[in-house]
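As structure tokens, the structure follows; a few thoughts come after it.
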Amino acid sequence: MSEVILRLDNLTMQFGGVTAVDSLSMELNEGEIVALIGPNGAGKTTAFNCITGVYTPTNGAIYLEGRKIIANHPKRRGIKTFGGSNKKFEKDVIIRTPDKITKLGIARTFQNIRLFKDETVFDNVLVAKHMRSRQNVLTAMLRLNFKEEARMRKETKELLEMQDLYRYKDEIAGSLPYGLQRRLEIARALATGPKVLLLDEPAAGMNPNETLELSEFIRDIKEHYGLSVLLIEHHMDFVNQIADRIYVLDFGKLIAEGTPDEISNNPAVIEAYLGVDEDA
Amino acid sequence: MTNKKRIIISSALIVLLFGGLWVMELTMNTASMLFVVLKKGAIYALLVAAINLLQGFTGLFSLGEAGFMLLGAYTFAIFTIPVEMRENIYQYYDGGLVQFTIPVWAALILGGLVAAFFAFLIGFVVLKLKSDYLAIATLGFAEILRAIFQWDKLGVITNGSNILRSFPGFSSVLFPFGVVGLCLAAMMLLINSSYGRAYKAMRDDEIAAEAMGINLFKTKLQAFVISSFFAGIGGGLLAMYQLTVKASTFTAALSDELLLIAVIGGIGSITGSVLASFLYIAANEWWLRFLDQETFIGAFKIPLLRSGFRKVVFSVIIMLIVLFYRRGLMGTREFSITGIYEKITAFIKKKKAAKGGAGK
Amino acid sequence: MLKVNDLIVNYGGIKAVKSISFEVPQGSVVTLIGANGAGKSTTLKAIAGLIKPAGGSIIFNGNDITGKNTTDIVRMGVTLVPEGRRIFPDLTVLENIKIGAYLRRDDLKEDINWVYSIFPRLEERHWQNAGTLSGGEQQMLAVARALMSRPKLMMMDEPSLGLSPIFVKEIFNVINTIRSRGVTILLIEQNAHMALKTADFGYVMDTGEITVSGKGSELAVNENVKKAYLGG
Amino acid sequence: MKKLLSLVLICALALSFASCGGGGKADEKIVYIGVNEPATGESGAGGKQETLGIEYANFVQPTIDIAGETYQVKLVIVDNETDTAKCPSVAQSLVSAGCSVVLGAYGSALCIASGPTFEAAGIPCIGISCTNPQVTLGNSYYFRICFLDTFQGKVLADYAYETLKARNIYCLAELGDDYSVGLVNYFMEEFKALGGNIVANETYPVGNSDYTSYIANAAKLKADCFFAPINIEPAALLIEQSNAQGLAMPLLAGDTWDSNVIAEAAKGTNLNIAFSTFFYSEVNDTTKQFTEGFKKWLKDNPDKLTANGGNDTVAAVSPLGYDSYFVALEAIKAADSKDSKAINDALWNVTYSGVTGSVAFDKNGDVDKDAIFMVGVDTATGAFKFITEQSAAK
Amino acid sequence: MNEFLLMGMAEISGGGFFQAIAGFFQTNLPYILAGISVGGQYALIAIGYTMVYGILRLVNFAHGDVFMTAGLICFYISTVSPLIISLPLTVLFTVALGFTIEKVAYKPLRNAPRTSAMISALGMSYLIQNLALYITGGLSKQYPQIPFISNSVTIWGATTKMVTVVTPILVILLVVALVTLIKYTKIGMAMRSVADDFETSRLMGIKIDNVISMTFIIGTFLASIGSMLYFTNYTAIVPSSGAMPGLKAFVAAVFGGIGSIPGAVIGAFLIGICENIIKGLGWTTFSDAFTFALLIIVLIFMPSGLFGEKKTDKV
């Protein structure tokens, strides 16, 4: 494996008194598929939300290709509350909204599919092209830059064809079967042109067959687009099939990391997943 | 249908529409209420479409439309009142401060720009608020604007709370149709552009839209400013239609009325808004006026009919639509002549095929 | 006591539960285990009347309660401890307990003392706002609240979720206590080991279907169950 | 279903396009007279009373002879809702109904807002109680049969200075109401010219219901007269609240206050109220005769009595409305046609002697009425009492 | 028009501090009294807003119009029966109206998007106003004189109506009663739990619809009491009479923190007093605008108001 593309450094997220993610440090290498697993409420989705800018982490930093893209310091809160400024802390603080993160090249899907349900499949993907489109409101409105529009449409078409979704292009996204919706959501994320793809429980609600298909699909797109993939999943079958490495979270803390084999036999993981077995 | 064909049909229809209006104006009695409906309906179409751009396409619940109309109307009036009339109109303010006029088209656009500028300032403050809070805050801003325009310290510009008049209007129905047509076309183009898709994405799911790289705040602000621009132009046109402008008429009730028309037409359909506007104005100003008149058939007095009944009937209709017919006349679909043309040709083909089949 | 036949539930356009059947005998602890999104919570919600099933029937004590409204079902003696506690944070602990007996009109004193005897910690904090309790205490409160309706059947949705091991143990102790007082329990758990150890009977759910079933102790050592959780 | 409904509505729209080509009622033996009055909103009460005067006149004289033939006179009454924004459409509906001449409206602002529409259609209008000079200024189709605010302001200022011996006056007007803002303005000019002092000139927004702070302001600034030429509805509230706050100074107002609503509100209070008006019923035989006839007509029509506020007090705008109707008939007679243009030309030379004095229009379309009645309220009985007749000559 | 302000200031600068305060109080007493009176009336309307919003997250735009309708109902009933009967009947009919509005206009939209319910509320407000317009024929109606509270009274040199004195007392009594109801009764407990969590409340066997109806009943009950006080002060009722007080009461509810009853009451008193002092300063054009400016400032800087609780939204 080659270089580290995404790195979390001491990421901490607190809500009120609850620490949802506690000093999480992890790495994602280029071209790798890494899974983040753990029981419900372990803080996996919260970690995703921190990476994508939905939440501002309480402490820690996130690096993309070695560049610090998000950083916060707990002392900054004091500054915010009591006023004044402290160059020492402020300098290090980088806060970005989700759209900025997407622009930097991190795309994601959601645990409970968030498609634009009333729009067509084609428009769902096309809208992701908006971010990098080189037109302003006026030229877009007056169709002055029709080449740009044509390019966006062409790329969307290509993408959909690649995903085998083009035949559904005029269907309303909300009316697609569940499996296709998952696929479409991934296709939409791909349309933003990411380097890193974050998948939040992509196999949830799928049967073993569909799960198998999905893992093929994820591998294909990874190869084709040169992606690195970080995914959250419960399905151990699926994770074992697809992941190069696994990180295990429990109560916001990293309790284990390693290859699927290592993880399956890790007693701490068994305890977190199957519960403490006093007799054992 | 090919693109070319579509363009040809559309432009032919537009020419036909304007030609038809022109002929109508030449041949018919222009005092007829029909022309009121056409003029006012066109202006309302623009205003309702502007509110729909926010409510229906961007998911922003704004009740501040009247404020932006006020800005447009006042800007238009202030810059087009003939200089010789100013002494008279600004009688309490020594003829006012502005002592020049600009052409009508420039004043209309300026009105739109002023409204857009204020929308930018206001939007900067309130667009972070969510649904109902946003509605109340925009309503509040509209009321504040109204108070400012009635303030006598600004009387040299706004004539205080007093009426503004004597500015140019329009006599031909072609003028509002032209201006509104242009604005609506621009709106339609916007909605079908990349930006329009971004708006709709934001309406459907803000979080997903943000994950698609759409900057929520910027995009909302943009939609808000554009909608207000059109509301400003609409306000200017309304001033031209009414021939007088007075701040006290731009109330929250006006915004509500426009929003309810948008609901009738279908939230998320521009053509629905246009259709609903014409229907509303026609019914309100013309067809249903009889509901307000005490009417006798012979010696029998028709019950219920008296002043105010028209509005009761209206509000009941609106409630019925809101409760049982939530998508309005058009839902989110757009009415397109080319679409109808396609349907008709398909239908004819089908018939022909069926006939052919039967013949054999 | 509870009989579910060919239950089908659609949730948000997804077939969440695809024709499942199971039984909960009087006085027993039955558990449904399975991965996230397997349809366990949906099943419980359908039994409690929060979601209308699309097909099948639910029989409780011989009465068909399919699609009835929640108030009636609660009145018949079915209660649900929802996932994630869902206590009322703005009510005090005592009020939370009292509201569990909302449908009852008789004197609550005895019952309150009873639940306090099971959860002495709650008595200490009865005047606090429930939102200030720790996660474990909130879970206790949710159970106490459910007990106040004098349920015949108590359904618990992931009571150990997000709790520290100590509390997990305590919760299962409580389950045993409650059962010893004659309440039938239907339990949903991801913490399969603990659940199966406690339960008389277990069903394993996967993507809306019941794949394995058997006695709790048997399932606990079943290789298939282990596989469903940790794979290969 | 939905499609069907849309289709039906579109068809209705299309049908009405087709149906409104003609609209010619040229052969009928009917003259239409438009009545552009507020029946609802702030000026609703006054507008209704004015309309009653016109309706009574129509009851008295329902026909007219034109070119030797007898024509029926029909009133087309519309409600402009006291809303200047509604005026153009309402005015247009009168134009579209084929009215030869239009009477009204009650408020100056409403007249100003309706004026351009009638001017464009070439239909003459006879303003009834709109006293602001702006109404007729620059509009050659607008006439009026009442005195102007410039005159009324002067008379009121004189009255305040000479009779009430007031030196410090507090003025209150409705924001954006051309009538009250204008009258206050003319009043202040005149009063200052007399050497008086204006302690404050405040405005309240439309729809306001709390006047206590204005009353408190007047008291705090030690005014010795409260001048409030405002609409009837707010005036009733003002009177009520002045009484509750124990206002010690006299309340002075303009012509709008001549309404039974005011009399009702003032009944049983300890206030000293005076206002200027167009008409007082006990002046001469003509006025007495009108008052009697009008009261009888009201009593015969319970609907009308309700519209008059439930009792038979005669508001000054009713006889004024009555006169306007006859002025219109005079003009039609003089023109000997129901053509608007001809009527407009004829109006300039019409002279008519009515119950509110004689009418002859000057070059602006205004009348030169030289008398104003000052009337007060007998707070014990709630009846109006005549104070004096002021004339410009003084 | 700063002479008003200057007068107050001059009195402050002269004499001792307490004297100055007393002097300021004395000169501005009429405004403060008017403010307290109208503030109390806003408070009674605001409670209706805050309770409905707390449970349904719905701005019940029609509430102000229900308040106006209460005035009209009282007017019409009192023309045929003595006050002793018409006042209770007014309360009864108003409550019935509030109950019906919820059943007709909001219940069918319980699962619809929030904007639908809000548009329905706007439509309802429009309907009520137009019905009132139709029934009254557009003329304002004179509210009947209620003995005792209509009488004039002199407080510390300022003359006002008895209702000014009665309002704050009555408001405090009603609020104490209401808070007791909500804090210590079963239905109150149910209301609080429904405001917290719909689904779990259902699991407790609580009938959500009944609780919501109860909320509307209490809200309209207080509004009808408020209307008696308000219209005794401002005796003319027109169809739009409820609109402004309604909006201001809503602002008060937001200001106090939506969902909080004491918050709404304090907010209402503050708004009432501020508004009157602003009028006293001669800024009458801006007295309404001030309310909205306050609203916007609160929404932006203090979205949870004075007493509201912060709610973190979940992704």
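All chains are identified by letter, namely A, B, C, D and E, in their written order; residue positions are counted from 1 within each chain.
Keep in mind that, in the parts below, contacts are C-beta pairs under 8 Å (C-beta built on N, C-alpha and C of every residue); 3 or more make two chains touch, one makes a residue touch a chain.
Predicted, not measured: the structure shown is a model, and the values here were computed from it.
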Label of the chain whose CA centroid is most distant from the centroid of chain A: D
A-C or A-B, whichever has more C-beta pairs in contact: A-B
Chain C-chain D separation of Cα centroids, rounded to whole Å: 76
Length of the line joining the C-alpha centres of chain B and chain C, rounded to whole Å: 55
Interchain centroid distance [CA atoms averaged], chain A/chain D, Å: 72
Between chain D and chain E, centroid-to-centroid distance (C-alpha), Å: 36
Multi-partner residues of chain E (at least 2 other chains): 133, 137-138, 243, 285, 288, 315
In chain B, residues with contacts to at least two other chains: 147, 150, 152, 161, 207, 307-308
Junction residues of chain D, two or more chains touched: 39-40, 79, 175, 203, 205
In the complex with chain B, residue positions of chain A that touch it: 52, 54, 97-100, 102-103, 107-108, 110, 114-119, 123, 126-133, 135, 137, 140-143, 149, 152, 188-189, 192
Touching residues (chain side chain B, partner chain E) in the complex: 55, 61, 125-126, 128-129, 131-133, 135-137, 139-141, 143-144, 146-148, 150-152, 161, 207, 252-253, 256-257, 259-260, 263, 306-309, 311-312, 314-316, 318-319, 322-323, 326
Complex contact set, residues of chain B against chain A: 186, 189-190, 193-195, 197-198, 200-201, 204-205, 207-216, 222, 226, 332
Of chain E, residues touching chain B in the complex: 57-59, 104-105, 108-109, 112, 114-116, 118-120, 122-127, 130-131, 133-134, 137-138, 243, 247, 250-251, 254, 285-286, 288-289, 291-293, 295-296, 299-300, 303, 315
Residue ranges of chain D touching chain E (in the complex, touch as defined): 39-41, 44-45, 48, 79, 81, 175, 200, 202-205, 207, 209-210, 212-217, 219-221, 233, 236-237, 240-241, 243-246, 261, 264-265, 306-307, 309
